[in-house]
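Think of it as A, B, C and D in the order they're written, each chain with its own count starting at 1.
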Amino acid sequence: MAIVLGANQYGKAEVRLVRVRRDGPRHELRDLTVSVALAGDLAEVHSSGDNAHVLPTDSQKNTVYAFAREHGVGQVEEFGLLLARHFVRTVPAITRARVTLTEHGWQRLGPHSFQRDGTESRVATVTVDAAGGVDADGDGTGSSVESGLTGLVLLNSTDSEFRGYLKDQYTTLPETDDRILATAVEAYWRHGEVEPAGGGKYWAESYAGVRAALVGAFVDTYSRSLQQTLYAMGHRVLVERPEITQVRLALPNRHHLLVDLSPFGLDNPGEVFVATDRPYGLIEGTVTREPDVAGTAPDDDGATTGGIG
Amino acid sequence: MAIVLGANQYGKAEVRLVRVRRDGPRHELRDLTVSVALAGDLAEVHSSGDNAHVLPTDSQKNTVYAFAREHGVGQVEEFGLLLARHFVRTVPAITRARVTLTEHGWQRLGPHSFQRDGTESRVATVTVDAAGGVDADGDGTGSSVESGLTGLVLLNSTDSEFRGYLKDQYTTLPETDDRILATAVEAYWRHGEVEPAGGGKYWAESYAGVRAALVGAFVDTYSRSLQQTLYAMGHRVLVERPEITQVRLALPNRHHLLVDLSPFGLDNPGEVFVATDRPYGLIEGTVTREPDVAGTAPDDDGATTGGIG
Amino acid sequence: MAIVLGANQYGKAEVRLVRVRRDGPRHELRDLTVSVALAGDLAEVHSSGDNAHVLPTDSQKNTVYAFAREHGVGQVEEFGLLLARHFVRTVPAITRARVTLTEHGWQRLGPHSFQRDGTESRVATVTVDAAGGVDADGDGTGSSVESGLTGLVLLNSTDSEFRGYLKDQYTTLPETDDRILATAVEAYWRHGEVEPAGGGKYWAESYAGVRAALVGAFVDTYSRSLQQTLYAMGHRVLVERPEITQVRLALPNRHHLLVDLSPFGLDNPGEVFVATDRPYGLIEGTVTREPDVAGTAPDDDGATTGGIG
Amino acid sequence: MAIVLGANQYGKAEVRLVRVRRDGPRHELRDLTVSVALAGDLAEVHSSGDNAHVLPTDSQKNTVYAFAREHGVGQVEEFGLLLARHFVRTVPAITRARVTLTEHGWQRLGPHSFQRDGTESRVATVTVDAAGGVDADGDGTGSSVESGLTGLVLLNSTDSEFRGYLKDQYTTLPETDDRILATAVEAYWRHGEVEPAGGGKYWAESYAGVRAALVGAFVDTYSRSLQQTLYAMGHRVLVERPEITQVRLALPNRHHLLVDLSPFGLDNPGEVFVATDRPYGLIEGTVTREPDVAGTAPDDDGATTGGIG
């Protein structure tokens, strides 16, 4: 049997870009980490080390910085599309470019002063294939965008229970009707259109809307399981944001265990907890639109504080 | 020459404590990491493994949780004093207890819903010695408190220069009259009194005041060096907060390097930067009150945007 | 359009298991981090919070510890298969279990003394579906195994060049005929059989053989690009290890930049380098067997120090 | 009361230096992270931003690289002394330089091929004051060196107990006569002479000898507490290495908790453990020589497997 090259890609990872707009005394600050991955006709470099088809990853890095100056840094989805299309269009051997962007937030403290805004990041992954490189009518053919966020840590100190689960011979967990529910949201979502009317305004508003839906559903949902909360979050995004077609969520269950204080003659009515690092539950799920199929809306009964939609 | 035991201490590090107050529908959330270190007559356990003087670190951990239930978690300084005094008073061999507390902030999203508040943490280190363990008149003798914060990342996108420095044979750095100045503030400060009138109200207000002074001075100072900014920050704390006697600051210089875009036919008037990880400058300094000595106030001239105080 | 649940799974992540075998004075130590992810008929828990189909992640954790006692911890592939099959067989709603295992190495220092062995880890991902849960003849139907390693950091201080690459308008990188090549190997490979004759002996020997092939090819290859080195590594595994059908590799290019010492009147003939953190090149590729197709063996000429196969 | 500048220093942190010696086909590789901190007459830069006394941290970084080329990189203590003395001697305002060096180990795989050697690092901190800058007779006056290591993770799977400790009202820990003892050694030691006969040979041999003594004592000691093990480690260093005057140790107790398998009808005779991250015990202590004082040697009885010295 022959030995052959399979799927492959290469690129520059974690290019750190800070862009200041100084049109006037009030500066605008953007802080991104950008990764590029290119695929295409790259058999020769693998088999013989012939680099003729290889645009150096150093040049990819330079492109990120040059584009930031030439075109500015729009919404992450826009900047990613700009870069990905450039690589497919201009590098002959390349038939797919994927650009992943992470935006680090800063709060304004003054006209040119800022404070870093926590661990939450806005992200986008933009993929452009050969068709996207020649997308003459600009309808987005051959391009796809996944927007997202990571590092959004949320906690409800009540309105969470975990009961009625399957017990097997290895089950020792007691049921609880009141626990802390905490998670670090990782969410990714897809848009109906890659070239929406509105451009940057669309991407910014859509992001804000999806984020609000995710947070709102977490806050409002009386949770019988983290799976239920996950689905409620994805469901609310699709109900409130018609432009979104699919949401993927990964929710680690950051367990907060009630401390047994009875050896010290103390009760503990849901007040003192130990926050644990490992292990943790990990709940992953996708919520999507399906044409022509009866919905599976989350149940809506009295136990739900705020409803699903 | 004999071989002897020198300075030593032991304790439980990084006890993760989450405390919910649920007096009504509106919960209060506190999230702390607490470390305890005890010192005293511990020669025997080192030389022979005789544990008779050793309170297990597990018991120290239990004490943190039990105290959180029994006494609640006041301001970090208060909770630290409570714990440190307890160990010195009740563990016979122990003559010094040091408790280090890190408080992780949460923003409120609803009556029982919260969002984790970034990488900034409030900290306190409380040390109590034998005199503090028997402090009959409660004047704070034998107890010391250092308050602080870490992880506060600040950036000025202009009003920072670096010129006129010493050049030696290894100097290649060009002078600049406009650069990004960014740092992650680590600050620790001492109070005139360990048992201030006002108790918890004092600690909370003092913290807020010191933090505001640090941020304000960073924002307002036209910086000719990060040392100048450091001193301006410490100086402003001491000017604005009479209860504070000393401020220690460690400011990493998170270099943002202007990207040379000239190979691509582009200028770069302070707009596109690469944020670097390593190496970094590290500026450390203490600003303190000295009785009966002429002041060394920072110069106040036109180059300073907001003044020092 | 309806809103529906798409792909989903849940489980316990990062269960830390240390297993001591103490059959005699010479102990054996195994140190694993195990993650479990289950998928199946889980619509109800998402839509309504009905947990009847949900085996708690806490029970999954307990199962890992109980199995370690009941069955011992064989090679990671074996222990993963044991666990994954258990979940599919015994949890009614579950039709796919994925178990990911990371083994942390320890060197022996004495009969019951050990030293942690660096950052390199052996890993395995085992997936069992419904057919694997009822695999009556035990031929491995419905089960798949991917073995691997992570954190193996390798460096060649010469015999690496990078020349003849594509130059575009953003290319400034000078060609080099002698550089440091360094990477942290992440490699995953698939086996022809899931139930190999030899059992644990097979898995252990196969792992050692694949690792040796990867390291050997890195050391021996005169590299014109990291892609060439990647392919040589995968190629050598498939040549030397007939039991392996496919190798996936991810090789970050840990750039070591030659320092320009000319401002100080010094040359630098490949001697003084700065090791950089970010950005880094990232080269990813798969090498696989393809029946009935002429091979694409790496070129073998004088420039290759040790040859490929 | 006046406000004044107190203790302060500044410098470049975490300069990443890789040095290849290529005298022949067999290369030598050294991999260091170097930090510099300078102190002296720096009041002006703090008060007014006058940088006339400030050697840029960028120049300090350049010096590290240039010295690596000019002088080579000897043992970390030597390279640190070279750098620290340079700064005190040549920078007029500087009266104290502290250089901290961390060496990352690599194993040889071939004449120019290497594999990164785990998480253990050799470290040194070198401090030179004004007297050290003019040390005419080269006897080391004004210079001090602390050698050390970090990240050495050790584990004994038996011969460790914890009993007979103090119990207070918060004690729930059961006594044990057989547990896992695991720690990540952080050790720092001082030498009788800063300018030892033998130079680099001295530093290399002393390091190897101290390391062997630390590991040997950990392995050999039957431990009744981690404090006892700490003292045995420091004691053995001082017994076996007459050139060493003091050892500081910080030993986190990486708790391995026996899993209770009784709910599953299984016993657990010291075989299945959960390795925990937080909290952890932290034991810190110094062992030193004291002239003219009766020794406090660790007890030497039958319970000690290998003896102390």
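Just so we're on the same page, contacts are C-beta pairs under 8 Å (C-beta built on N, C-alpha and C of every residue); 3 or more make two chains touch, one makes a residue touch a chain.
Owing to the predicted nature of the structure, the values given are computational and were not obtained by experimental measurement.
Colleague: Just going by residue numbers, which of A-B, A-C or B-C has an interface where over half the contact pairs are the same as at B-D?
Modeller: Match found for B-D within A-B, A-C or B-C: A-C.
Colleague: Please state whether C-D or A-D has more C-beta contact pairs across its interface.
Modeller: Higher C-beta contact count between the two pairs: C-D.
Colleague: Suppose each chain is reduced to the average of its Cα coordinates; what separation in Å results between subunit A and subunit D?
Modeller: So the centre of subunit A lies 41 Å away from the centre of subunit D.
Colleague: Counting only Cα atoms for the centres, state how far subunit A is from subunit C in Å.
Modeller: One centre to the other, that is 25 Å.
Colleague: Distance-wise, how many Å sit between the C-alpha centres of subunit C and subunit D, to the nearest whole number?
Modeller: 33
Colleague: Do you know which subunit B residues sit against two or more other chains?
Modeller: Subunit B, residues with two or more chain partners: 15-16, 62, 66, 170, 172, 263-264, 277-278.
Colleague: Provide the residue numbers of subunit D that touch subunit A in the complex, in ascending order.
Modeller: 169-170, 172, 263-264, 277-278
Colleague: Using the touch definition from the top, list the residues of subunit C that touch subunit D in their complex.
Modeller: 15-22, 27, 29, 31, 62, 65-66, 68-70, 106, 109-110, 112-119, 152-159, 180, 215, 218-219, 256, 259, 261, 263-264, 266-277
Colleague: Enumerate the contact residues on subunit C facing subunit A in the complex.
Modeller: 1-16, 35, 37, 42-43, 45-63, 66, 90-93, 162-168, 170-173, 223-228, 230-231, 235, 238-239, 246, 252-253, 278-299
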